[in-house]
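Next come two complexes, and both contain subunit A; in the first it sits with subunit B, in the second with subunit C.
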Partner chain A sequence: MKRFLEKAVKWLLTASGFVTSAVILLIIGFLFTEGAGLFREKVIEEGYVLALNRENPVRKMDAAQIKAVFDEDITNWSELGGPDLPIETFRLEDADDYFSEEELGSQYENAGSLIASLVASRPGMVAFVPETLIPEGADLNFIEDSSISPAEVFAGSEWYPTATPAPLFGMWPLLAGTLWVSFFAILFALPFGISIAVYMAEVASERVRNFLKPVIELLNGIPSVVYGFFGLIVIVPLLQQVFGLPVGESGLAGSLVLAIMALPTIVTVAEDAMRNCPRSLREASLALGATKWQTISRVVIPSSMSGIASGVVLGIGRAVGETMAVLMVTGNAAVVPTSILEPLRTIPATIAAELGEAPAGGAHYQSLFLLGVILFFITFFINLCVEFISSRNRAKNS
Partner chain B sequence: MKKRHILITVFAALCVHWTADAQRIKGSDTLLPLTQELAEEYLAEHPDEEIIVTGGGSGVGIAALPENTTDIAMASRRIKFSEKMKFAGLGLEASEVIVAYDALAVVVNPSNPVDSLTREQLEAIFRGKITNWKEVGGEDRKIVVYSRETSSGTYEFFKESVLDNKNYMSGVLSMPATGAIIQSVRQTKGAIGYIGLAYLNRFVKPLAVSYDGGAHYAYPSVETASDGSYPIVRPLYYYYDPEKEAAVSPFISYALSEKGQSSVLEQGFIPVTPPAADGEPSPEASEQGKSVDD
Partner chain C sequence: MDSKNTSNTVPPSGPVPGSPDSMSGRSGGSTPVFPEDYSVRKRRSQKAAFAVFRILSLFIVLILFAILGFIIYKGAGVISWDFLTKAPSDGMTSGGIFPAIVGTLLLMLGSAIVAFPVGIMSGVYMNEYASRGWVVKFIRLMTNNLSGVPSIVFGLFGMALFVKYLGFGDSILAGSLTLGLLSLPLVIRTTEEALKDIPAGIREGSLALGATKLQTIWKVVLPMAMPRITTGLILSLGRVSGETAPILFTCAAYFFPQLPTSIFDQCMALPYHLYVISTSGTDIEAQQPIAYGTALVLIVIVLIINLLAGLMRRHFEKRLKIK
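Moving on, here comes the complex of A and B:
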């Protein structure tokens, strides 16, 4: 009976290990397949075409050019390698300006042929219309549609996921914003975190420690949206006054909030690591005549380096993945940041803000999953770094 | 054991009974508080019925309609062509009814001396072509543009109505909620943003807007929005399957009744039939309703 029980427990443990790994792999697989789907999507919105006059020689436009044309930033075909003709744009909403209600018919059944003949009669016109609306054999040319290219996505600097006719998925501003704000967050949190940890582990009396530790751990229990509110109402106006900024929502506000949020993780883990430093090492150092400070800096900190490093990395992980607080204080402007005092937009904030309304399976939805993949790789890389640091440290110590 | 069995059966039966009878309403977060209020009042008069109201966004509501997970979809925008195609593909139709109008107010910091802007100026500001208040008659101060997130129906409507379907500039600050826009505009001197009329308060200053190049300006208010002089007005819709009309029509007719429309007004929206008018809502709104999506 006992042996059977042992076997059963062993089997259960193995099974739970395998099931967990399988689930994790499935989630990653799901993330990757959804994200990769973006590169199979067409540049122009699904089900729509860009129709041109028969005489217009332009056949290719990339997403950025299409956006510029419909925003009236490009107004002449010569800028796109065509003839010297002003560009006229046509959307379905403009149909009212060209045709009367009677011409269109009660169910708009004439709309397709009317639009086709309108485009055929205007040499400079480009019409953004549903594919099904254009009658068979209409005397029109169409912009050749291609798949969204990885270069446009990873190096593109414009994030317009809901623009029509052609959404733009330039992820570089979001990636840069995430790294930028996390970098500064850790820059603020690291010195404070380590010094608090050293103080609590080595300097503080038992009573002070027993008071400080729960207080710092309390910080961990505050929901991130509360940090966000605090940031928006206190830190943002404060920064605005101190630096005389036109706008207080900035990367700096985000990194300060993130630094506060990452602090408890860094402190707790680093402090535990230092307190776990073997008593024999400490006593040996003191016995050799080293002062308390020399013992801390030469013996305790080096020997607990891997614990400190993992605390720091967990803190970075929290900063990179934090959503709600940064969503509220960074301003979410999708521009490549050039200074920390400007608004920026991070990847988690983008996913949280946009996934709710992105139609499932569409290009926007897939692009958000691709952002998830990028975030996954950042965290994965950080974890690899920890592995590397702690293994090197272990080798040095042994 | 047997007792528990019976209990479970009764409970299951109750669940089935409950879901079968309840009307489900899902969709736009803009319409959510209004619909909840209407549903409460309606249920006070019809205590034996059930109505479940949930939010999620206009797109979510309309997508739930053909999947039969809602009976009425609330939408702060008109049904899209692609959504209509999906309905047609399933052999379904969607009937629409306008329950109220919503006006958007363009707001600035109370210290800003600028009182009015034309649509063209607003377009240039939100597209990043005008970046300093002195270009529109204000102080020498950088304009800080606040917008809602792309998932918001308000974002789409402002883009359609004010930006003439062009895109916002990339440097626009997008805020997750109307409350955040008010907070930011309140504490940022050069700020400009847009919020629903119902959210206007003394911490932000609404601008008079002109859609005819500066000939007529109007401040946002329920009166100007319902008499048509204030231009940034959008209709709010309920969509339903015409085959289920019998089930949903009592609630919809309550919403359109005099009582229902007075709570529309209380919630800060504009009634479909203005109290002192001839039934025809604002011109901008009716134009919106007509736009040829199909």
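Moving on, here comes the complex of A and C:
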């Protein structure tokens, strides 16, 4: 009985030991299955077609072109490889402009055939209508629909996930926004982080250290939404005044908030690394007549460089994945950022802001999961870097 | 700025033109430096460098006090018994935050039920059972990776698995499971570290007396490590209390004034409440005091938790010293 219990407990413990690995696998599995579905979705909204006049030779348009046509940025078929003919767009809600209510019928029962004949009579018209509405055997051409291509998604620079007839899922602005904000956050945090770490590890007296340590821990413990709130109420208006911006919500506000949030991570890890620097190295340097500062700058810091590096990389990881604070202060404009003073939008903020409104299972929903996959792999890669750095460090020290 | 430059140009090998060298009146270029001059300079640069460090460290303290002070100053006037015990009313422009407080406490409890047993067992396995080698390395790698996964990814995952696939819907159950998984790495790591500090001699002593491995762990090792494990558990609760992104799509309700009656109900939560009330709503002006109050309550929870963990740690350290 006793031995059985021992065995059972051992199995239970072993099983729980692998829970984290299982969770990682599950995360990858679920995010991937949902995210990869995006590439099986059609470019044109499900259940709809783009109908053309018989004489129009254009058969193919990609999502960006479709959007440009319906936004009237492209106004002539010659731009799409067709004849020199102005484009007329037609959406279902335009039906009232062309036909009277009696013609359409009370239940819109005549709409299909009317639209079909309208398109057939106008060579430059493109109509965005439900597939079921078009009567069978109508004398029309249709734009060939294709699946959403990875190139459009990963390299596309327009993120309009709710546009009709063809939503655009170009993720580049979001990725650029994420990297941009994180880069500046680390740029701001780095001098502070390293100085504070050096100060705490090497310079400060025990009493000062005992005061700073809880300060850092508290900064780490403040919820990100509180940072976001503070940023929104204090930092955003401040930046707006200082730089005379039209809106204070900007990449800079996000970077500043992120810098504060990444600081504790950088400080803790870097300080640990410096404390672990062997005493003999320090003593040798001091014995050679170096001052304390020379010892720190030429012996302690270089020898704990890898620890400092992993602190910085962890800080980057924290900045890249941060959601709420960034969502609240960056202004969320999905454009490729050209200046840090403009509003921009990051991957986590996009997921948080849009998942609630995206219908489950649709292309938009799947694209957000794909963003999750990208985010997961960015942080996964960052963690592997940290792991690599610290394992090399361990090997060096032992 | 100048003082920082000084600290960076200490190298005695040939001062750079325009460096502080020229300031001290010697523009000799690469001539050897006189020892006494050199020692003065290096002392000066040390002073300058340390001053910079001190100022930057002071700055971080100021940031913390600015944030805390601002929220306490603005929020203190809002806090009242009614604010803490009443549900929001008039389209969130007045009333209290009681359901959000209850929701956050429920989520903390739920995530603790999920994460604590599994996390502690996992830590025990890694320190006591697993053979040193690739198994432990692999698990540790995975645990570290999990702790680096952004909270919004946990939210996505929780939504896909618990809300949709397992069909729990937006519920306290789904939220607790998601938050539990999020805090798992922290629990595992603290457990492992606490166990590692227990000297091997104590385990050997117990085993030598005829106790089995399980008895040793249950009656000797775990009780000894418990104070430190508990400190870690408290800190993980602190993290859970402030997380917003994981519960956005798994649990949090914009407005749910009655208290939840089952684990399949949605609930309000403080961090989510702060988010919605400060970014959206019908009347931002009227909502602002409520936002300050909510932020203050959140901060107070975090402060209490940190204080508790700090006290426990100190208490434990003292006991160790006596021994």
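Note that the second predicted complex is superposed on the first by the 338 of 398 C-alpha atoms of A that agree within 3 Å, B and C clash if a C-alpha of one lies under 4 Å from a C-alpha of the other, contacts with A are read in each partner's own complex, and residues count from 1 in each chain.
Following the convention adopted for this analysis, a residue touches a chain if its C-beta (ideal position, glycine included) is under 8 Å from a C-beta of that chain, and two chains touch if they have at least 3 such contacts.
Quick caveat: nothing in here was measured; it's all calculated off a predicted structure.
**Q** Of the two partner chains, subunit B (first) and subunit C (second), which one does A:139 touch, if any: first, second, both, or neither?
**A** Touch status of A:139: no partner.
**Q** Going by the contact rule set out at the top, does A:159 touch subunit B (first), subunit C (second), both, or neither?
**A** first
**Q** Applying the document's definition of touch, where does A:103 land relative to subunit B and subunit C: first, second, both, or neither?
**A** After superposition on chain A, A:103 lies in contact with neither partner.
**Q** Thinking of the overlay built on chain A, is A:240 touched by subunit B (first), by subunit C (second), by both, or by neither?
**A** first
**Q** Quick one: classify A:70 as touching subunit B (first), subunit C (second), both or neither.
**A** first
**Q** Looking only at contacts as defined up top, I'd like to know whether subunit B or subunit C touches more of subunit A.
**A** Between subunit B and subunit C, C touches the greater number of residues in subunit A.
**Q** Once the structures are superposed on A, label A:368 by its partner contacts, choosing first (subunit B), second (subunit C), both or neither.
**A** second
**Q** Just to be sure I read the superposition right, which of the two partners does A:332 touch: subunit B = first, subunit C = second, or both, or neither?
**A** After superposition on chain A, A:332 lies in contact with subunit B alone.
**Q** A:351 in the overlay: touching subunit B, subunit C, both, or neither? Say first, second, both or neither.
**A** Once the two structures are laid over each other on A, A:351 reaches subunit C alone.
**Q** Quick one: classify A:317 as touching subunit B (first), subunit C (second), both or neither.
**A** So A:317 only meets subunit C here.
**Q** Identify the residues of subunit A that lie in both the subunit B contact region and the subunit C contact region.
**A** 232-233, 328, 356.
**Q** If we count contacts the way the header does, which residues on subunit A are in touch with subunit B in the complex?
**A** Contacts found on subunit A: 46-47, 67, 70-72, 91-93, 95-96, 104, 107-108, 111, 130, 132, 158-164, 173, 232-233, 236-237, 240, 246-249, 327-328, 331-335, 343, 345, 353-354, 356-359.
**Q** What does subunit A use to touch subunit C in their complex?
**A** 2, 5-6, 9-10, 12-14, 16-21, 23-24, 26-27, 30-31, 34, 191-192, 195-196, 198-200, 203-204, 212, 214-219, 221-230, 232-234, 260, 263, 267, 291-294, 296-297, 314, 317, 320-324, 328, 348, 351-352, 355-356, 360, 368-369, 372, 375-376, 379-380, 382-384, 386-387
**Q** Please give the residue numbers of subunit B that touch subunit A in the complex, ascending.
**A** That would be residues 56-57, 59-60, 63, 81-82, 85, 127, 141-142, 144, 149-152, 156, 160, 165-167, 170-176, 180, 183-184, 187-191, 287, 290-294 of subunit B.
**Q** Spell out the part of subunit C that touches subunit A in their complex, as residue ranges.
**A** These residues of subunit C touch subunit A: 7, 10, 42-43, 45-46, 49-50, 52-54, 56-57, 59-61, 63-64, 67-68, 70-71, 117-119, 121-122, 124-126, 128-130, 138-139, 141-146, 148-153, 155-157, 159-161, 164-165, 181, 184-185, 188, 212-214, 235, 238-239, 241-245, 248-249, 271-272, 274-275, 278-279, 291, 295, 298-299, 302-303, 305-306, 310.
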